[in-house]
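Have a look at these structures, which come just after this line.
There are two complexes below, and they share chain A, which is joined by chain B in the first and by chain C in the second.
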Partner chain A sequence: MVTKTISPSRGPAKTSGRDRAERKLAFRMTAPSLVIMALVAAVPIGYAIWLSLNQYSVRTAGLSRFVGLENYINALASQEWWAAFGQTFLFAGLSVSLELVLGTAMALLLNLAFKGRAVLRTVVLLPYAIITVVSAITWQTMFQPNMGLVTNVLSTLGLPGGDVVWLGEHGYAMAVIVMADVWKTTPFAALIILAGLQVISAETYEAAELDGASKWQTFVNITLPLLRPAIVLAAIFRTMDALRVFDLPFVLTRGANGTESMSMLAYTQLRENRLVGEGSALSILTFLTVMVVSVIYVRFAGGNIRDVAKEEQ
Partner chain B sequence: MDLNRPASPLQNKAAKRTALAATAIAAALLLSACGGGAAPQGAEQAAAADPASGANASGAVNICGVKDASGIYKGTAEAFTMANGKVTAKYTEIGATTDEARTQIVQRLEGKSTECDLFVTDVIWTSEFASQGWLLDQTKLVEANKDRLIPSTVETTKYQDKYWGSPFFTNAGLIYYQKDKVAKPESWQQLYAEAAKAPGNGYVYQGKQYEGLTVNFLEMLYSAGGEVLNDQGDVKIDSKETRDVLNFMSDGLKNGSADRAVLTYNEDPARLAYESGDFGYQRNWPHVYRLLNATPLASSFAVAPLPAWEGGKASGVLGGWNLAISAHSTNQAGAVAFIDFATTPDWQKHVAMDYSQAPVNEAAYSDPAVLQKMPFATELLASVKGAKPRPISPVYPQISQAIYKNVYAVLSGTASTEDAVQKMAEEITAAKASF
Partner chain C sequence: MSTLTAERPTAELATRPKAPKRRLRGESKLHPLVWVFVVAVMAFSLIPFYWLVNTSLKKGASLSQGELFPSQPTLENYLVVFHNPEFLLALRNSVIIAVVTTTVALVFASFAAYALARLKMRRKAMILTLILSVTTFPAIAIAAPMFSIWREIGLYDTLLGLIIPKLTFALPLAIYTLTSFFKEIPRELEESAYMDGATPFVAFRKVILPLAVPGLATTAILVFISVWNEFLLAVTLTTSPEARPVPVAIAFFSGTSEFDQPLGTISAASVIITVPLVILVLVCQKRIVSGMTAGAVKG
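Presenting the complex of A and B:
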């Protein structure tokens, strides 16, 4: 790269002075965006944290008293929080793993050379372009008992599930929500993985072929390890999204039948019950949960990537 | 660059930091979307609306509320402006759905906005808004207009022995039934027995986990003589009546009186299912009459008021919308004039004829012109007069959640009646204690 070729030609003493000046300039140039970032990100977070340390009176509008960590203690001691916590993780685990498997398969297919590939790559993204609430309503209609498409087809074919009230039963309701999410966001995962796939050079495959590797061996020993960074990236994005899930259960079940997510719980307290302190504490807990999971991902999965990269060299 | 190595954004520390920053930003957006907006504001002594002030009113009045689907709000504002001559009224839509409108109204009231003089409020919001000192006390106005208002509709505006709004139009549940298949329901027990007789006789109602389930449950509980809170505000849900109704409802799902699909139904899916012709009875609101008339069922369905509990009397739950004057209104006299107009017996006829809403004036229901447009007016009046408000409390949303979540648990088979009743009582008591 350009910078690399220039820097060695500079004298070491001079560079530090110049570097400092340059760094100062860089700071000055980025300062406006930093300020905006702080306003957009830090201020609301700070405000939410402050709100979560207070209890707001429902009796008298705006009256608040400082309660420290009481809202957090109450939330962590409540059954609802842990139920929502477990349900959200169950949803995230199921949907993200399905999305990654299907997304990888989809990416491999889209990477093949065939006629109309460009068109198909675009078409495949359509579900992702549909607003979640709209797709949730579509899924709700499809699983409608008595007249829904899915239930009708299943019962006409005599398959199990035709007489099940999908959104009214434990287990089934979660299955519909996972399906809706997988349908919508698999293309997104596929796109990221496809990008990773395209970076793998054809020469590697040629070499493998010359060495007599089978298709499966090539996939397991070459494609998958080299795809890993892309898959991890897709996993991070999808997990963060899945842990904040709100619209699907809100539209499909209103949280009934073991589908209430952490975000829904926060919404109910904040918006419906106007319990600002309790609701803010719940959103902060959701935020921390997402944060911790992402850090774990970056730490462990990220470390693996580095090892893989080293091995290659 | 080495092309054999995939470019990974997570390969080095800087990239890791970038990923963390991205996480933080995404999370921050989530938080800012959820962050509440409690503007500091002290309690206020509620001022009272003067019924006589309407006569000398002038200027402009702004009425704010939910999206005007039937055209009733804009229509009333126009008719008032024409009839009054001195005051001009306009209607401002501030939310597409009931929930959105509530959020918008709350924000305006918390911020002491003077934008709106009048709010169109869902009957269940009154006590919450009144308790915050956000509304003008309308007790004198309501008393002056008492002769023209159906008493049950006035009760929805009452909080702590004062009235905080005037009813504009009301709403009550009705039973739609296929007269060629099933009999007119006289009691809930008879309806359920009839519904279980043949596969095409089933009963559909709103059984999804949401406010509508609270309404469906309370309609039965009230007719069985049960209550949620008594007049003193004590929690009375832990009763034999509550257990009877819960057992009755869950047995109905087991023996096929009601289709299990009701666990996923709110108003529209229930109506659509009923339109398939596969059911005998449906509980829904009056607006369904017009829609059913446009289907092949038009000639075979009939309307009945909500039935009584066996050995008891018929009751129900009132819906509908009230007119509340903002405490920050700059034209309170104009607002009073508007309420006076909107509740006149003459305009209440138009409420039924032009907008198919249930009037709050009793005489309107027997008016020949109204009966022609609304042939089920007699049944509707019976439902409205027998109905009671939902529990009156500033923490009503929490009370309703305690009801519909636990009722749902019993219906879906995840909790026993006994556990659900106890949990309901505990949660309602806790909700009340938070106030």
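Presenting the complex of A and C:
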């Protein structure tokens, strides 16, 4: 870009004329998308903030009373919010860490050149395309008391867990929700990490081999550090997604047994209890939580991502 | 092929030990433990599918006993699903919503992505950050106010009322993925179009867009899957079968036939809507992989 502007073959006047035309075109081409996103993201969020400052009558729709921060104070003082907050973070922590470990292992596997790699890649990708609701139903059927695959196999082998009502107890229900999520989204983490793996040059490995490094040493001292940006990126995407979790607990437990997520709690207040003000306050709190976490991530790992961006240019 | 030519590479290998040996070793030998891991990963990915299909083929006692293979496989659950008008309606709704959203998102996103990838532009970094930040919004933050706005202006429980908010989440995904595809097209092509007197927009439409077809196809698949999959907006903004898409219809399936074991029919419905997606993955797995990784690492 820099060389282009000082290139002597084109006059500076002509270049700036084209510059202006390009900027104008760029503005026109980006505007529709930005307008749509602003209208359907920024405006509703502004409206949600307004709704959250009001109390709506449950019986008479539309009848409202300005209450200031009361909905927020009530939410932050309630046990439900903190329970949902805690459960969402527990779910995100468990599923994201499992997905990163499994995803890294899967990526290393997919990076090996062996016969059948294409088959493995396709098979691994299948759960990603499954809609989350179906994935939830699938895992639900596997853990049905007596008639599910897992409960059946466990009791046949005489192992514990066969006679448990998995979705009827907090710890077990959470385990099923985490497994369903890991099953569906590990391929996503694996592919991002695989892309990071393919950027590492073969020469780096050859040098390590010449120095007599063992496979494990090579992995810990070369692969993992060079892979860090990709892993962090996968972690960011997956964490943002996990903190917004809704479909899985909705289908698997309807939020029972302490598996209600932040999004679910807001939904329940809004749709089932028709508490528009409270529901909006909870959805804004969910939004703020996700935003704070993403800012923390970018703050601590952002340099990493910027380095990747620089190398790519 | 003669034995002579077949032998030659091996002879060469002996003189150049390091680099080619590495490639060869990777191709031929895989540690037995690695094979165990390959099989475990495959099983983990496939067994749930098997169980879903297995459950969908069972009825009555064979369902409640949880047989590992259906002793009396029956297609009855599938017939029930196909005779369920609500399911057919949901299928129609999902197709309309996904096709319209994907098409509209692709048109607008290809403009925006081209400008962001190629044209000189003020505040480009800020705009990209803004677009990215939309993807981090929890859908509930949009769904809550949409619920109120849509009820006031009559878009609640309509297909259009679902397409509009879904577009907001489809656009950044499409822009992000397409930007990285546009960046990969050689710049010389536009330069030569400019030499021929084309304006930047003509260069985009006549030269770049046709070359970007693979990238557009990839983006379309990713957007389609995510729109088809989306649940929270769909469940918040609909209330009747007339506007309900497939995921919501399936989630509420259990209520319709409680006297029977509904698990069989739910599984059958799940299999029915999964088959097209599985075919999509089988046919387009390379595209899906490149799309998912292009947006992520090359952005």
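Here is the rule we go by: the second predicted complex is superposed on the first by the 268 of 313 C-alpha atoms of A that agree within 3 Å, B and C clash if a C-alpha of one lies under 4 Å from a C-alpha of the other, contacts with A are read in each partner's own complex, and residues count from 1 in each chain.
Keep in mind that, in the parts below, a residue touches a chain if its C-beta (ideal position, glycine included) is under 8 Å from a C-beta of that chain, and two chains touch if they have at least 3 such contacts.
Quick caveat: nothing in here was measured; it's all calculated off a predicted structure.
Participant: Figure out whether A:Thr204 sits in contact with chain B (first) or chain C (second), or with both, or with neither.
Facilitator: After superposing on A, A:Thr204 lies in contact with chain B but is clear of chain C.
Participant: Please indicate which partner A:Val165 is in contact with in the superposed arrangement: first for chain B, second for chain C, both, or neither.
Facilitator: Only chain B; A:Val165 stays clear of chain C.
Participant: Mind telling me which of the two, chain B or chain C, contacts the most residues of chain A?
Facilitator: Counting contacted residues of chain A, the larger count belongs to C.
Participant: Between chain B and chain C, whom does A:Phe89 touch in the aligned arrangement: first, second, both, or neither?
Facilitator: Touch status of A:Phe89: no partner.
Participant: Quick one: is A:Phe219 in contact with chain B, with chain C, with both, or with neither? Answer first, second, both or neither.
Facilitator: It touches nothing on chain B or chain C.
Participant: Given the touch rule stated above, what does A:Leu275 touch, chain B (first), chain C (second), both, or neither?
Facilitator: In the superposition, A:Leu275 contacts chain B only.
Participant: Kindly classify A:Phe250 by the partners it touches after superposition: chain B alone (first), chain C alone (second), both, or neither?
Facilitator: Second partner only.
Participant: Who does A:Pro127 touch here: chain B (first), chain C (second), both, or neither?
Facilitator: The second partner, chain C, only.
Participant: Just which bits of chain A does chain B share with chain C as contact spots?
Facilitator: Common interface on chain A, chain B vs chain C: 1, 37, 40-41, 44-45, 47-48, 51, 61, 144, 146-147, 196, 199, 230, 233, 240, 244, 263, 266-267, 270-271, 276, 279-280, 283-284, 286-287, 290-291, 294, 309, 312.
Participant: Sort out for me which residues of chain A touch chain C in the complex.
Facilitator: 1, 18-19, 21-23, 25-27, 29-30, 32-34, 36-37, 40-41, 44-45, 47-48, 51, 61, 105-106, 109, 112-116, 120-135, 137-139, 141-142, 144, 146-149, 151-152, 183, 188, 191-192, 194-196, 199, 202, 205-206, 209-210, 230, 233-234, 237, 240, 243-244, 246-247, 250-251, 262-263, 266-267, 270-271, 276, 279-280, 283-284, 286-287, 290-291, 294, 308-309, 312
Participant: Taking the complex as given, what residues does chain C use to touch chain A?
Facilitator: 18-19, 22-23, 26-27, 30, 34, 37-38, 41-42, 44-49, 51-52, 54-55, 63-66, 68, 108-109, 111-112, 114-116, 119-122, 127, 130-131, 134-149, 151, 164-165, 167-168, 171-172, 175, 194, 199-201, 225, 228-229, 231-232, 235-236, 246-247, 250-251, 263, 266-267, 270, 273-274, 277-278, 280-282, 285, 288-289, 292-293, 296-299
Participant: If we count contacts the way the header does, which residues on chain A are in touch with chain B in the complex?
Facilitator: So the residues of chain A in touch with chain B come to 1, 37, 40-42, 44-45, 47-48, 51, 56, 58-64, 140, 144-147, 165-170, 196, 199-201, 203-204, 226-227, 229-230, 232-233, 236, 240, 244, 253-257, 263, 266-268, 270-276, 279-280, 283-284, 286-287, 290-291, 294-295, 298, 301-302, 305-306, 309, 312.
Participant: Give every residue of chain B touching chain A within the complex, in rising order.
Facilitator: 1, 3-11, 16, 19-20, 23-32, 34-36, 38-43, 99, 103, 106, 109-110, 131-134, 208-210, 259-261, 263-264, 269, 272-273, 276, 278, 394-395, 397-398, 401, 408, 412, 414, 434-435
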